[in-house]
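We just call them A, B, C and D in the order they show up, numbering each chain from 1.
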Amino acid sequence: MSDQNKTVEELDVVTIRFAGDSGDGMQLTGTQFTDNTALFGNDLSTLPDYPAEIRAPAGSLAGVSSFQLQFSNQEIHTPGDDLDVLVAMNPAALKVHLADLQENGMVMVNTANFSKKNLKLAGYEVSPLEDNTFDNYRLIEVDMTKLVATALENLDMSPKLKARSTNMFALGLLYWLYERDMDSSINFITKKFAKKPEIITANVKALKTGYFYGETIEAIKTTYRVPKAEFSKGTYRNIMGNHAAALGLVAAAEKAGLNLFYGGYPITPASDILHYLANFKNFGIKTFQAEDEIAGVCSAIGASFAGDLAVTASSGPGIALKGEALGLAVMTELPLVVINVQRGGPSTGLPTKTEQSDLFQAMYGRNGECPMVVVAPATPSDCFNVLFEACKIALEHMIPVMVLSDGYVANGSEPWMIPTVDDLPQIKVTKATDPESFMPYSHAEGTVARPWAVPGTPGLEHRIGGLEKEDQTGNVNYDPDNHHYMNLHRQNKVDAIANYIPEAKAYGDDSGELLVLGWGGTHGAIRSSVERAQKAGHSVSHLHLRHINPFPKNLGEVLSNYKKVLIPELNLGQLSTMIRAKFLVDAQGLNKVAGKPFTTTEVYNKILQMVKG
Amino acid sequence: MSDQNKTVEELDVVTIRFAGDSGDGMQLTGTQFTDNTALFGNDLSTLPDYPAEIRAPAGSLAGVSSFQLQFSNQEIHTPGDDLDVLVAMNPAALKVHLADLQENGMVMVNTANFSKKNLKLAGYEVSPLEDNTFDNYRLIEVDMTKLVATALENLDMSPKLKARSTNMFALGLLYWLYERDMDSSINFITKKFAKKPEIITANVKALKTGYFYGETIEAIKTTYRVPKAEFSKGTYRNIMGNHAAALGLVAAAEKAGLNLFYGGYPITPASDILHYLANFKNFGIKTFQAEDEIAGVCSAIGASFAGDLAVTASSGPGIALKGEALGLAVMTELPLVVINVQRGGPSTGLPTKTEQSDLFQAMYGRNGECPMVVVAPATPSDCFNVLFEACKIALEHMIPVMVLSDGYVANGSEPWMIPTVDDLPQIKVTKATDPESFMPYSHAEGTVARPWAVPGTPGLEHRIGGLEKEDQTGNVNYDPDNHHYMNLHRQNKVDAIANYIPEAKAYGDDSGELLVLGWGGTHGAIRSSVERAQKAGHSVSHLHLRHINPFPKNLGEVLSNYKKVLIPELNLGQLSTMIRAKFLVDAQGLNKVAGKPFTTTEVYNKILQMVKG
Amino acid sequence: MAEVLETTLTRKDFVSDQEVRWCPGCGDYAILAAVQKVFPELGVKKENFLIVSGIGCSSRFPYYMDTYGFHSIHGRAPAFASGAKLANPDLSVWIVTGDGDGMSIGGNHLIHVLRRNLDLNILMFNNRIYGLTKGQYSPTSELGKVTKSTPMGSLDHPFNPPSLALGSGATFVARTIDRELKHMASIIKESHSHKGGSFVEIYQNCNIFNDGAFADMTEKETKMETQLILEQGQPMIFGKDKDKGIVLIGSQLTVLQLSEDRNVDDVLVHNSGDKNMARLLAGMTYNGDLPTPIGVLYKEERATYDEMMTAQLQSAIDSKGPGDLDALIKGSNTWTV
Amino acid sequence: MAEVLETTLTRKDFVSDQEVRWCPGCGDYAILAAVQKVFPELGVKKENFLIVSGIGCSSRFPYYMDTYGFHSIHGRAPAFASGAKLANPDLSVWIVTGDGDGMSIGGNHLIHVLRRNLDLNILMFNNRIYGLTKGQYSPTSELGKVTKSTPMGSLDHPFNPPSLALGSGATFVARTIDRELKHMASIIKESHSHKGGSFVEIYQNCNIFNDGAFADMTEKETKMETQLILEQGQPMIFGKDKDKGIVLIGSQLTVLQLSEDRNVDDVLVHNSGDKNMARLLAGMTYNGDLPTPIGVLYKEERATYDEMMTAQLQSAIDSKGPGDLDALIKGSNTWTV
């Protein structure tokens, strides 16, 4: 579709970022490009980034919202480090993001927004368009706003409303640059604004205007094509972490033959799980927006006692509030899935940023010896698997399970090979029915599950609660030996799960110089950097833990096969502490607590340092 | 005072236990004997033990309440392992406690209560008075109830009320047995019932009746005298842990020149701290019984912001609820003292029993990287020192401090050399006043304290909160580098306190075979067992940590001087985990989670095993 | 709603094997007896009862009832009960709580469960003290109360539980007294028959830490003057000689001494459906010379949360069809390799 | 109480250096303006103001006020404020909260601070939505509300904030509207002058997630019919032509169409000291054809918690003498070696 004067170049991998004011629709633009990329057939990974919850003043640095996307014809694991293209809708966006653009990278700016006022808000004394700011970059200046206004001239619409389509112009321009067709976005616009035809017209027009404008840009002599990636055979969709998590829950409920009960209270970045589930009511899913997090988890525990697959989700501060109730769930040995979509802490912290700093809280944030199963998804689509497995463990072992997601995984997206329901493992749930043999605190061999005797079952009337329980009967019991025994029992109940999960197996050689051990959302950065190091000939392997409590049975053995262990974490060394304490291995941490994921380069440099040093 | 037919024997150390029904007044009896012992001049240590909060059925096993006391002419550290004398007021008490009596030990029973009904309630098929139960013990049968009834014959009082004095009879009998005078208890009774003279008469008469009855007991040929202990020069009192804690707080407030604000919610075994403080209103102490624990800690943080020395206290489940707010205290860098009087967990657990299982919660029970200073008292009187020091650290470093007391320390008692206020260290508090130089988040060298700028000070108006703060200004800030920096800063703020606390120094040799490392209320059992092992010629030292976060600076070095490290804890290995992770030392745990303190023998046996094995 | 029962249950069916561990003389015994008496008469299958409690002396209640029971954590019983009811709307769910459990730490859950109008029953044992923790004042203790934590007297004005319940939007608000066995039984029954959230305040004597808190309302000598027994459709008269009535003058409820001129016909007739009147009656609690009302102050039929949820799930199926998991997982934008 | 001020403060003294970060058009701006206008007029020294908030759009308020401020955690502002007030009773303490912060997660602290009657002022911005978390329904959202978390409509009956406040035992209950600047300013002033806990509900428009929630009460065309402006000692009349009044018939408040026969003299005169009437007025909120009252619904002088605490501390000193620490530590049973 490019004209005669332009050439097309093939690339293996590209990283682009849309950045603008919170009001500029950058998240939508990014998502559209992502969907288009997914349908086109590239592998991809995304990183949305937006200001803390509330709207910052227009044009201010605090108000910048961005969406980053890496796409490739090969398997990729991260949204990319340095940018090939930055779209900056205003000076603030330029200011915040320009440093991430690689040398000679392309930056497109909407000159219409480079007003004195905006420049000042962004802290520019002199307009960057007028000094040497872009000496090392390829600057493309476009008055997008004006071009859109002209294109929409004939529409009966306020200028302000017209300007709202400017993001579609930018999207169109990028479609052109990467040789895409626009159908996916035209379809989307048409569906989304079905009731407002004039908005459809405006947006589609702006989109096409941007696309066709590309050809007129003198400065761009080349467009790019990133060929399709080779995926395993299957049907794919693009999916975000929170969405995948919700689907994993629904799937588990279906596979277990149970109703799903969700009790929770909105909090960034976990709220979307509630929003998704609330839309699945025809699956019999009950969503209960409680008065606070405590009521959220308590309602879930109550629902669990009464026989539903019960779930609650929150983020750090909300999980802190649930600590007391989680102790009760541990004591009463009821199935429960608790999701923590981690964000920057401590306290209110950085609500929209990502972090892995709630691992300690998950492990230890309750009174008494109160062990809890902890699992963590590694990527957006992995949320499906991990939530499904969390439900399976909770139900089959009669135990609460904590899932540690994070803002990066939850809001990021990637292509996902869609599983079929038939292929998912069955979840075996047996509710007790027989009054003869019934003992509320008898425990099955292997799973160490106690019977699930739900109210409504004749003859199984019994009482549970938070006071120490007598083994077998479950009656309140103050005997010292029983208490000691039950504490060991609760620990054993968690430990026994190690017999039901796969052994650890590193990516790369089974022994060598360095093992990079990770968990959760750092998977992509670690895997990319390990691959890079392997390619550079270093003896480095990657082990990524899904199961953090209990660890895989052979973890100690695996660790012992490497001379050194590196644990990159978005915290000050929480998994490190656990590993060091348990295995007395001198694991080194790579620790960053900046509200941002690792870049591949950061991890790579540390790997180099360790294999060399 | 003993008559001609009896001899007096001198003993170094004696352990006795009063046991009876919850309604029998055993706690009072024990406390009276304790006060008498203290005034007499023995060293002593006590262990009250009573049923979970609510009154169990009369005569039942669950309803047994006991009070144990060890006293000696030498320095002792624990309430003793095996009993010399057991007073059992009913069959249930006998059943529960007889096993702890040493061979040939004396057991006094109130035969009046050995009715069929009570025997059955205690699970005796045959009356133990009629089988061989006491073959290895010296049984003294006394119909105390009847003797009291007879003695009080002439009083115009219901039989039920008369019977209430039976515990005084038992007390008198023991006074006689240990060659004490009764003045302290007569004084106590006279004061306590000042408004009810007939109760005074009844109790004093019962007391004396018990005393004089002693001489008539054929079976007791010997009374005992434990000579005074050699104490350092000074004035002493007997004190319980929670009482000492309250006094430490009042003293700190006075030394800091601040008003004390206590915000809390009742919970066993922490409530007494509130009760004590509420009685000290003429010290300007404000006690606020909040609607829940969250409001308790939040009110304290509010009071701290407004310039008071602020304190909250609770036990495990209540501390769990405070986690979110404690994160805010860490973020806002306000002085705050949080006391956790630990009890048996998890969940509601064993509310009246002791445990050390909330160390992890203290260290890690909050979202985000949220380090907190943690200190722990070792003995009842040590609560004074530790609370005083906690306040000093909180105020001088502008930081929240968690104090880990426990039920054993809180309710136990021991003689305490009373400090004079003049000798207590000063607490340096400087509130900011100068608007010129004021920066809410500037930090002092050394202490890393930020200025305390309290509302009401002209020109220092500023805002704080739970969102990430910009270094220096304290404004809300979302910058990644600032966030990373501030996380390190908060950790550093805790770490810097290591420069202000004493270095670790073990009791015993500075190097050797085995170091027994302890913290909190296990001090007595560890010290006694280490002393015993040292006497037996083993190379064993004892290090007891008051400061758990940060550790003393030289802790790693100290640990490295011993071949082995043993960490006894009333949990499943929480300090062990911290030590192993930090120092990669293969510390072994001795772990018991039975709601009871270690016995000296338990620790001793483990020591032997380790020095031999 | 629980279906009607075939077999005949008796009091004994509801007595559990656990020893009752309240202090001798505690008012809780009478309430336990009343509940054990009433439950067999409710037409609910034994296995469909669920009793949820928090923490407190009162909250040990479930252990003594041979039904399903959950002795949860302090203050949160309404949340557990809500989850259980929504998981299984067939259950007859009862919350047993105290003035501390229900109105101090648990106040928020209480007001929310009431506004939501879940179909469950709340029995709040009000002894105006924290019993289990051995005697601190509670949010219903009178101002100036001397307790362990307030040796010089408490400083906070107590809640008036029915006023708070009404202020929350409750659809059933009643009060009874541990010493009035018949009245208590009838109120418990009526609370059960109400479809929606029922709030029943039970004045309960804690003879250990707050003995005689309601003595004026329970002792023979005074109770005729202090109790105003509300009965639907009956005039509000009270007094030993039934010679006093309640009238509304302007916005004020006032005692009328009955006489030939002004007799029972002048007296207000109780209508538990009148929300405004309920608001005023609730205000009569320990209020000067006015008697304190017991009985059903207010009762309103309003759709319950649980039935609306059931209906919503059904309507989702009706409009979208039953969930097709494969289709859901697939979504609308896919590509195939 | 804060002492009277010497120097003259202006609006500007209360404008902080932080950029205001609400969405353009948000009702919060008007409230901020009103508070910045009123504060200089209160006779309180600038340094004696403390504004405490929880979490929510509304709770960002303290950042924009150049006073002492504490942006605390979600729902707990009343507890922080209580501690601060008791630590320093000279402060003029203000709580700014939202319908979610104040009535959902924070409901318990709200009702307790009100019953305790601490001398502080609560401004609750009610936009009937969770703004900050981008639009879930709140405890004041109308039944059936379609939001992100309730795509098929919410199932819970909302709170009526003044009813809840009155049910809690509040001593000052008022309501105003973001769009009525003068009224808002006067109510804020009056809440300040009330000694005790003041609860002010402010209807606030969230133009992003719940635009027009109170349009009928703010738009010219309708507001005369929907607002009942309460003024002490004034008859309760309303309507474009001031031709309607409120009367009490039995226990029911009813609209009276004024005419020659039945004129303003027949209409209720507002007496904010009448608690019963306040209960009934609160019930008029969005209630059928009745107008919704704004203004001071209720006001009662009652000893405040903070002044009682101060008095109690003094009386302890009066009776026992000022604390002697050495004596306290020593206790009564000592021995000397």
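Please note the rule applied: a contact is a pair of C-beta atoms (placed from the backbone, for glycine too) under 8 Å apart; a residue touches a chain by one contact, two chains touch by 3 or more.
Model, not experiment: these values are computed from the prediction.
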Higher-contact pair (C-beta pairs counted), A-D versus A-C: A-C
Chain at maximum distance from subunit D, centres defined as averaged CA atoms: B
Centroid spacing, where centroids are CA-atom means, of subunit A and subunit D in whole angstrom: 40
Rounded Å distance, subunit A centre to subunit B centre (Cα mean): 46
Averaged-CA centre spacing for the pair subunit D and subunit B, given as whole angstrom: 44
Junction residues of subunit D, two or more chains touched: 55, 73, 104-105, 107-108, 112, 139, 152, 309, 312, 316
Contacts with 2+ other chains: residues of subunit A: 62, 281, 291-292, 317, 324, 327-328, 347-348, 465-467
Of subunit C, residues touching subunit B in the complex: 19-24, 55, 57, 60, 73-75, 104-105, 107, 130-134, 136-137, 139, 148-152, 154, 208
In the complex with subunit D, residue positions of subunit C that touch it: 104-108, 111-112, 115-117, 139, 152-153, 155-160, 163-169, 248, 250-253, 274-277, 279-280, 283, 302, 305, 308-309, 312, 315-316
Interfacial residue positions of subunit D with respect to subunit B in the complex: 16, 18, 45-50, 52, 55, 62-63, 66-73, 76, 78-88, 90-91, 108-109, 112, 309, 312-313, 316-317, 319-323, 325-326, 328-331, 333-337
Footprint of subunit D on subunit A - complex, ascending: 53-58, 60, 62, 265-268, 271, 274-275, 278-279, 281, 287, 289, 291-293, 317, 347-348
Interfacial residue positions of subunit B with respect to subunit D in the complex: 35, 38-39, 41, 184, 230-239, 247, 250-251, 254, 259, 261, 263, 280-286, 288, 290-292, 294-296, 298-308, 310, 324-325, 327-328, 418-421, 454-467, 475-476
